[in-house]
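These notes are about the structure you will find just below.
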Amino acid sequence: MPFALPFDMTSLDLLMAIAAAATVLLYLFGTARLGGYLATLLHGAALAVTVAMGLDLAAGAGAIPSSLRLTVLGQQLAWTLDGLGWFFLLLTTGAAFFSSWYMAGEWGRVQQRARIQHGTLALNVLTMVLLLSAGDLLGLFIGWEFVSWAAFAMMIQAGGPATQAAYRYMLYALAGAMALFAAILVVHGAAGGFGFDQMRAALPDMSTGMLWTLFALFAGGFGVKMALVPTHLWQAPAYSYTPGASSAFLNAVSARMGLFALILSLVKLIGFDTLAGLRIPMTGIESTDILAWVAAITMVVPTYIALMQTDARMLLTWHGIGQGGYMLLGILVATPLGVAGGLLHVFNYATYQMALILAVFAVIHRTGTADLDELGGLITRMPLTYVALLMGIIGLAGLPPMNGFVSKWMIYKALIVTQQPLLSIAAFVGTLGTILSVYKLIHNIFLGQLRVEHREIREAPWSMTLPMLVLAGIGFVTGFAPGLALSIVDQAQAAMGVALLPHHLGGVVLATGSLNMLWVVGVLVGAIGVGALIFYVLGNRRFETHQYDNYAGGHFLSADIRYHFSHEFYPGLARVIGPWYRGWVVRMEHGLGVLAEVSGDLWHGVFRAAYTPLYVLIVAVLGLFWAGGAGGFGS
Amino acid sequence: MTLTAHHVVLPVALPLLVAFLLPLVGRLSDGLARLLAQLTTLAVAVIALLLWPAASDGGALVSAMGGFAAPIGIVFYADKLALMFVVALAVGLLLFRPRREHDSTKVQTLWLLLLAGGSGLVLSGDLFNIFVFYEITAVATYGLGASAHTGAGYGASLRYLLLSALGSAFALLGIALVYAAAGTLNLADLSQLAGERLTGPMGLTAFVLMVLGFGVKAELFPVNTWVPEVYTAAPTRVTAVLAGVVSKLAMVVILRLLVLLFQDPAALGFLLLLGAIGVAAGELAAFRSRDLHRTFAYSSIAQLGLMAVAFSIPGHAGVLAGIAVALHHLVVKPAFFVLADRWRGEIAGLTGAGRTSPLAAGLFVLLSLSIIGIPPLPGFWAKLMLFKAAIDAGGAGNLTAVAIILAATVIEAAYLFRVVGILYGTAPAGRPPLRFTLGELAPGLLLGAVLIAATVSVAPLGDGLTAMAADSADAAAYASRVLPGGN
Amino acid sequence: MKGNARAFASALFLIGLGLMLVTLFEALPFGGAPMQVGQAIAGRALEDTGATNIVSAVLLAYRGLDTLGEVAILFVAATAAGLVLGGAGRAEAQGTPAGFILRAAAALLFPFLLVLGAYIVIHGHLTPGGGFQGGAILAAAFFVPLLAHPASPVNHGVATVVEAFAGAVFVVIGLAGLVGGGAFLVPLLGAGTPGDLFSAGSLPLLYLAIGLKVGSELAGLMARIAAAGDPARQGGKA
Amino acid sequence: MIWLVLVTMAVMLAAALAVIGLRSYLAAVAAISVVSLALSVLFAILRAPDVALAEAAVGAGLSGVLLALTLRRVGLWTPAADDDGEDRP
Amino acid sequence: MTMDAEMLGKALYAGAVCLVLLGLYGMVVPRNLMRIVLGLVLLESGVNLFLVAAGFRADAAAPILTAPFTAQAAGPLVDPVPQALVLTAIVIGVGVLALGLALVVRVKEAYGTLDTHAVANRMARETGADPAVTAAGARTPGALPVAAGRTAEDAP
């Protein structure tokens, strides 16, 4: 241990103590003048402890135990943190640190109930620590319920539409939790206990039917949190109506808890080989193939929904669902390259998605709206936010200088190497959609015509721009030198029991072609540098035009005429994919609601009708008949 | 005065004595009558607590009435389970004393007789004696149900009376069959004879009839249509006690029948079926009800269905789960009804009520989380015990029951958090806010505190319940304690 | 469900229930049921309680708590009916006064009914009859004059006092057994010589208490339902 | 002895059928008293004197009176007032 | 067991079953609450008859000891316990009947009718609207928001 702890407290205990203290302190002193800084300090301490734990794990410690032990009603509950849990924990504490830093400044003071935002953020971190370090299935379920309800607490702050979105989320989350509860009960039935090792021991003699139900329940239960396709309707509104930094935290990390649990249950516990053995008879389709195709659809469909959004936050959150598909697809390829690609994408996504969301909220902070039709031309007014958003969308689209490219490249490579052409086509189509929609995002906010009322907009305060730029910087650095991030990914990959991917600072060395980002970025920067040199030094006859010099097609336009809209941004594409938007998933969801209402009315009728004596008579006769039958009449 | 086993009859005899004299005292002064009634209820609670240590070390206190030994005379059997429910009933009646406008000497008399009937129901060890005490409880419930003096109150109580009388006739037919088949009415004696006398069509028919009879008060599926009407029409404090405590007493009777007389898989299957249908019916109907009273009435039908499923699982794991669900519901439901007392009428009309009385809204959220079964609240541990027992017992019936309960939990969360959303909504201007006075909310807050205390001390509580369940699920121990030398 | 559909459905199920019950009862050995408890009691009833009417012995000694519960049920029903019908029945002027025959017969019947009721209550432990049957006859006895003279005010005061004390006596006798360290409702005061009036110890006292309680309660019930006013003249509200 | 039982039972079942069949409530209440009376005779035959006495005094006597009083109170005394008609909400 | 006693047993049980069935029919079919109460009385009489018949023994005497007052003198006795149970059951029946009739009186006074459906409808209307009673299809206020129809950005 890099630093000795006062008594026999392990570092995991220390982290739990910090998170718990943070929850209580921030709930009490969140709105105090120094509340924001206290929050940043506490989350920073948590991040530091996590990094220390990382170093400890890298030095070969198998897993970090916690002295928190509970035996309740004959069930032993223990908490230990391994590499996989540590990897997601790093993302959690990092995201919490950046969002609390963002809230520390002017943004925090503007909020009506900063106290609740700080408190729920710290509560989410605490619950995620408990989930990530769960030592057995029961601990996993309890942690899972805590995380779901903590996210619910975070979502209902804003009231109005946020409450409706949170209510809808709660229903989905609870349905998922009940599927998970059924799964751990099935395991308990087979293994006689909730322990991970008990489950592994009982796996060989489980019938294929039970394995299929276990697979379906785990994938379904955790898939809801990751908003895989049939259950994707709740995430966008829920995550975008949550105020400011909390939304960034939810986007960056909260959905990934589903991925962690999927990896834990399907890969670590059940294992790729058992899953490969599960085949649909006569068709050769494996269970992982089904989940891979769900991931593929989740990559494509939400991305093209994002394309149609007119609200910046909705656009980004719909993309969040799409990116989740990439991560799951990468991992399901089951080769070291694919798994490393998937996990790296989790890290990269967290960095650029958070930068993007924080940038969008900076725009909201200044202009008061996130509606793409109401914005435009802010590049001159908010240059730093523009830079952060630019680097973010390059990462989101997966283009070279940023880290997004590295992980997407690895996923494409893994798909191609393992001969899965259809899935790789889906990946490319997804990326195409992403590129189109991010351009719409940056064009409508920063480029084009500046609105009259936004003339005096000032840049967002340093307390908001600095976190964005640091995040974008991390994105660039890990893009430039992916080896740093890959060493973090190794911890998780080792804990998953998958062979490690040989890599160096610049990138990946493979028999089928290696990637060295040092060269790629070096050449790119060099080319841009030469181009800039030629453009600025040699051709210096620049003609200075101010933003309102709008001559278009021989017709003078005064400043107040609007010609900058996001409506019908891609008319051709809209016509092509228009017919696909029949919304049959929405109708399915609506159908479930109506089914519950109709059967409820049916039972109301039964309870209020005056036929009860007849019902009693019928049940008595059937009961006697059954009793007679069971007892053998006249025997 | 050292308490011997024979003092087990006091929780029944004392309230009866005072109830008989109360009309006389009431003629002198109403206040004195009310005070005397409450003192008696307190005395019963104290006696039950004093008897607890004697019951816990000796396993159970057995008292033969009139000095006549087991199969001949009537026997009172007070084990920890029974004493626990007697204390719960007494404390419930004290905590939810009828309000001034619904109170009179006659109501106080009915209150005491409900205490006597309820205590007798769980303490008695004789089948017909249980039927008599069940009738006392039932008739007291008809009276209390109509004590609101509204048309709806009279109508609901009448329909409940007719349904319960039909059930009681069935139960009496069942008891007659048992007596004709086995020749004795004492539960211990019957449990020994059950092996060869009560199996086959005769025993099962008796079981079906008795379940339909005692099921009326235990809110089992076909015979629980009275629940929404009576719980809505009766004064809310009466409903709190009925839903909270009295329905559990009837379920304890069904538990005794199951454990001692009918360990037959067909009988367990029948109860499981009724329980599962009850859970589904209760939750779906609650999802569609428009006022809080009806919602909580249907929710208590679902919880009792849960208990029926738990008790239908053979062995002490099922009994433990059932007792855990019963105790949890015993704390949560009355608190819910305390809230429903002030938040009357359409749920839609309650927008913003949570903001005017944040304490009440906070209590509502805590209770909802616990009844849905969110860790670490006790509701979760009760449901976990139920599911574990069902899965360990295996069988298609248990699995479908678990699936139904899991689906019902989602619906339960749907209608409870729909109300939370409305409570925290923004109140339309111009409507007087519904504000709780602390006095009104006190019983609810007390029960909320009990819930939190149970959350903290779930481990020791769990061990205590496990021991109690193991003891009350053991038919042989019951027979050996009651029958002299076990003939 | 339309009326006749419901009638048809219930008829169908009733026939099913009937068939099952009949085949079930066939399996019951008629007249030879294993009555070990019944025969044991029949054999030892005389020495234990001294009552020659074994049913009364069962009712008051062996299953005394049942009878206490029984009296409590009647008391609960009376109280609840009082609660529902509201207050003591203030018998305002009824409709048409009773005819001459009724008034004459009432005056004649009242003493006989009183004697008959008292006899049945007092000899409960010797000959068939007892508290319940005698109480019912006493209730009829007190109700007949009310039929004859509907206008006469019914004072519930006396009935309540009698009721309260009778019930209290029953429970006190029960508790007396408890004081001496014995069980509840132990038969006291020895068995006496079987057959004569003052035998069977405390059983006749219990039956006397029951007789008075049942009598006053049923009389009160009938008076309350009768006097609660005709629909034409709305009765007093609670 | 068997013939006595069969005759009493026949009377009882006929009266029971009358209770359900008759339209007028007063006649139905009278039929109830007849059922109780026949039942108490049956109990006497079955060597259960206490029960016979109780059934006669309480069943035929008091129940009959209570039911009749309620009929008068509820206005179902005369057949005309029988409102068995449907009442649509 | 003489043929005569066997016949008696069959007749008694059949009679008890018929009475129970008629009582049940009287409770299930009619719509007037008063008729249901009558059905209830019949049902309880049927159960009482069955109880007494269960305790009967053909060759035994009534459980009342006569002159020589010695248990052996009287010979085999009919089982006294079911008779005690029936006594209690009869008085329970009358108690519940009395309370039932009091409630019938009050319901008639409150609602003017004794038809179960009418009473049920008026009760539901009095204690707050019930979905089945209010206009069909009126949606409960906070029904599952999802069921509130498609929102703009929703898609497949």
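So that you can tell them apart, the chains are marked A, B, C, D and E in the order they are listed, and the count of residues begins at 1 in each.
What we mean here is this: contacts are C-beta pairs under 8 Å (C-beta built on N, C-alpha and C of every residue); 3 or more make two chains touch, one makes a residue touch a chain.
What you are looking at is a predicted structure, and each value in this text was computed from that prediction instead of being measured.
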Shared chain contacts [chain B and chain C, defined touch]: A, E
Length of the shortest touching-chain route, chain C through to chain D: 1
Chain pair, A-E or D-E, that carries the greater number of C-beta contacts: D-E
Chain at the geometric heart of the assembly (C-alpha centres): B
Where chain B and chain D are represented by their mean Cα positions, the distance between them in whole Å: 37
Chain centre separation (chain C, chain E; CA means) in Å: 20
For chain A paired with chain B, centre-to-centre distance based on mean C-alpha positions, whole Å: 46
Approximate Å spacing (C-alpha centroids) for the pair chain A, chain C: 75
Junction residues of chain C - those touching two or more other chains: 6, 10, 14, 17, 20-21, 24, 26-28, 33, 35, 37-38, 41, 53, 55, 63, 66, 69-70, 73, 76-77, 80, 84, 128, 132, 218, 221, 225, 228, 231, 235
Multi-chain contact sites of chain A, meaning residues that touch two or more partners: 164, 167, 171, 596-597, 600-601, 604, 608-610, 613-614, 617-618, 620, 624, 628, 633-634
Per-residue overlap in chain D, given as positions that touch at least 2 other chains: 48-51, 54, 58, 62, 66, 69-70, 73-75
Every chain pair in contact, whichever chains are involved: A-B, A-C, A-E, B-C, B-E, C-D, C-E, D-E
Touching residues on chain E, where the partner in the complex is chain A: 24, 27-28, 31, 36, 116-117, 119-120, 124, 130-133, 139-140, 143-147, 149-151, 153-156
Footprint of chain E on chain D - complex, ascending: 1-2, 5-6, 9, 12-13, 16-17, 19-20, 25, 28-29, 32, 35-36, 39, 42-43, 46-51, 54-55, 58-59, 62-63, 66-67, 69-71, 73-76, 82-87, 89
Complex contacts: residues of chain C adjacent to chain B: 20, 24, 27-28, 33-38, 40-41, 48, 61-66, 68-70, 72-73, 75-77, 79-80, 82-84, 86, 157, 160-161, 163-165, 167-168, 171-172, 174-175, 177-178, 181-187, 237-238
Complex contacts: residues of chain B adjacent to chain E: 128, 132, 135, 139, 142-143, 146, 150-152, 154-159, 161-162, 165-166, 168-169, 172-173, 175-176, 179-180, 185, 229, 232-233, 288-291, 293-294, 344-348, 414, 418-419, 421-422
Touching residues on chain A, where the partner in the complex is chain B: 70-75, 138, 141-142, 145-146, 149, 156, 159, 163-164, 167, 170-171, 174-175, 178-179, 181-182, 185-186, 188-189, 596-597, 599-604, 606-610, 612-613, 615-616, 618-620, 623-624, 626-628, 630-635
